[in-house]
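Below is one structure. I have some questions about it.
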Amino acid sequence: MVYLTRVERFNAAHKLWVDDWSEEENFGMFGKCANKNWHGHNYKLEVTVAGEPDPITGFIVDAKLLSEIIREFVIEELDHKNLNLDVPFIKKPMQPTTENLVVCIWKLLEDKIPSGKLFKLKLIETENIFVEYWGE
Amino acid sequence: MVYLTRVERFNAAHKLWVDDWSEEENFGMFGKCANKNWHGHNYKLEVTVAGEPDPITGFIVDAKLLSEIIREFVIEELDHKNLNLDVPFIKKPMQPTTENLVVCIWKLLEDKIPSGKLFKLKLIETENIFVEYWGE
Amino acid sequence: MVYLTRVERFNAAHKLWVDDWSEEENFGMFGKCANKNWHGHNYKLEVTVAGEPDPITGFIVDAKLLSEIIREFVIEELDHKNLNLDVPFIKKPMQPTTENLVVCIWKLLEDKIPSGKLFKLKLIETENIFVEYWGE
Amino acid sequence: MVYLTRVERFNAAHKLWVDDWSEEENFGMFGKCANKNWHGHNYKLEVTVAGEPDPITGFIVDAKLLSEIIREFVIEELDHKNLNLDVPFIKKPMQPTTENLVVCIWKLLEDKIPSGKLFKLKLIETENIFVEYWGE
Amino acid sequence: MVYLTRVERFNAAHKLWVDDWSEEENFGMFGKCANKNWHGHNYKLEVTVAGEPDPITGFIVDAKLLSEIIREFVIEELDHKNLNLDVPFIKKPMQPTTENLVVCIWKLLEDKIPSGKLFKLKLIETENIFVEYWGE
Amino acid sequence: MVYLTRVERFNAAHKLWVDDWSEEENFGMFGKCANKNWHGHNYKLEVTVAGEPDPITGFIVDAKLLSEIIREFVIEELDHKNLNLDVPFIKKPMQPTTENLVVCIWKLLEDKIPSGKLFKLKLIETENIFVEYWGE
């Protein structure tokens, strides 16, 4: 079993805000991330697929095809978007945190991997914060 | 003359949109950057100060003090903000492009450098795009 | 289960030296790391917490609070310090290697994580050497 | 159990090409990687060794010795080489993909680790593609 | 005057070899870079354009258009190619060194910049070696 | 004129301390950098040489030879050393700041460049602080 990772990127706006809470409660929990007019990030997404190298091509999965699939099903939905307003699979009351987002991306990709099996996602929000998810 | 650079970071939302243009013209010029609900970036700012090292301290400028000044006058204004809506010195019809932003930041910092002289700014928007400005 | 990582940094001096050994034995084993007047590194520490995203906040753990805890209990103890002389939890005959240090940091943080569970530490000494520890 | 990683680098040329296939089939599968006159990469190799820190030295494995072993048995064979033509352990019909290469490197290193046990290899081909292998 | 830089990448094979010299002389001068079956690199190219931000768009040059131009006139010619064999503008006796390559790329781009003026190229061959060129 | 840069690295300990000042004055000016038992950094040094590519070799300067020279005259003096105690060319009352260090390194290298001319040094102390020097 070898594990191949393909990296893609998207830039998006978001804010963290619980409608049922007061402004004070929101800023208490989320700090500057609660600013009402949004802020944003350059996100980096690492998609890892597990499989055995094909005896002829030496590929677990065609990395170019994998890139196209990630772009079609994930990047197209998220790039230059507002994660609170524009993304059909992020619906209130779910917050667009990196933790929730990585689980959503797993569902988008899980059954789209053309060969091998989706093994892990890593979603990097800033150079100081990232999340990882193994599907369960 | 030695040149010392201090790096700071901020995360912000923005969009590029000319009010006098049609939606078609805006998307024609700005592409996905015109998406109405904003997108965002992790910006990195490099501030370079020129000076002669002090014979006693060996400092051109105290890098910790320089950091505090950049944070007070620049990062505080831009971090977790919407560059189109929240920033007093970015006013329509000026677009919040990286080019315009770097010139605005120069004006904020120019007369705040405690020793030495502001020499250069570099503002990095993504790993593929950055701008530089020497003040003229 | 989602895994969130927060990155912090510290700069420290150290040397590797076994008191019971001759100078020759020390340099034979540790090379330049045995230089008596110390050398130093920019260390980078990645702290990974495992948990389920809170249904309301979307957080496994508040990354800002996690950062404050790492700074209070780890960075405060190590930053701008001499790992052989200044750090109460690194005592002779324990060498201040990255391997030993990562185990010490685990003990400092293990019961301080406010939600979720400490899952992994990664301690990066140079761009060519890093260690990882899962607590056992 | 602590895990220490040492990073080394090599630069090599390769192409992907199945002799039994037509030019059209090769370009259909491998795209530009099938260009007959080769292309190349700066590869980065991360070698992770698992072990318990020695109670005297604090080392799982001497990182300097580990570096020398990786250089002797791996880098020497691959650096400034053509992976299709120059490398004795990459023989047709095996393609010099990153997936196949990482398995070959495992075999080279598996019984050469002076203390601790080879735990994982990571081979980075570009900033967008890397593979990982745990030996099975 | 503001300076905007766009980064693009290509992967290529090359070797350094003077036909008029003996094998010994070639290896004496070029070391492993003279290996007859080629080696290769992941090259990174930074293209800097100088100009004044347009008062309406805030652009010196449309970075997306700049990217397309760099890809059409430079990357298309160099990516997944052999710099000694496949590139029409690198002809013997010119060696495909990074120094010579950056001057060639300048000539390709000089009169293709749609607004502003080509100011500088930076070509990064490895994480330890890069060249810069200002056109003269 | 093309400019070639070679990158080298060293790890060192230092502290900032003016003997004529009280402890309070020293900590007031230098903060944690005044800690008496030292701290340290992974320094990165970029050496830029200007010249015209040789018509036969395509080299401004042989990068491998340049690397050996930097290692012999600079890295050997600084790597795994204490900048306050071990380095003959850093003598009290000169503080071992990055600013002073870069000027010292210029003097070491200025007349050792085998072809071309020393153009610039960049010395990176942390990912947030670096200095540059053009020799005057």
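Letters A, B, C, D, E and F name the chains as they come in the text, with residue numbers starting at 1 for each one.
Just so we're on the same page, contacts are C-beta pairs under 8 Å (C-beta built on N, C-alpha and C of every residue); 3 or more make two chains touch, one makes a residue touch a chain.
What you see is a predicted model; the values in this text were computed from it and never measured.
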item: Fewest touching-chain hops separating chain B from chain C; value: 2
item: Centroid distance [mean C-alpha coordinates] between chain E and chain C, Å; value: 41
item: Distance between the centres, which are taken as Cα means, of chain E and chain B, whole angstrom; value: 29
item: Residues within chain F bordering two or more other chains; value: 127
item: Chain pairs in mutual contact under the definition given at the outset; value: A-B, A-C, A-D, B-E, B-F, C-D, C-F, D-E, E-F
item: Interface residues, chain A side, partner chain D - complex; value: 1-8, 48, 53, 55-60, 62-64, 67
item: Contact footprint of chain A on chain D as seen in their complex; value: 16, 18, 29-31, 93-100, 102-103, 127-134, 136
item: Residues of chain E defined as touching chain D within the complex; value: 9, 11-14, 32-33, 35, 37-42, 79-82, 85-86, 126-127
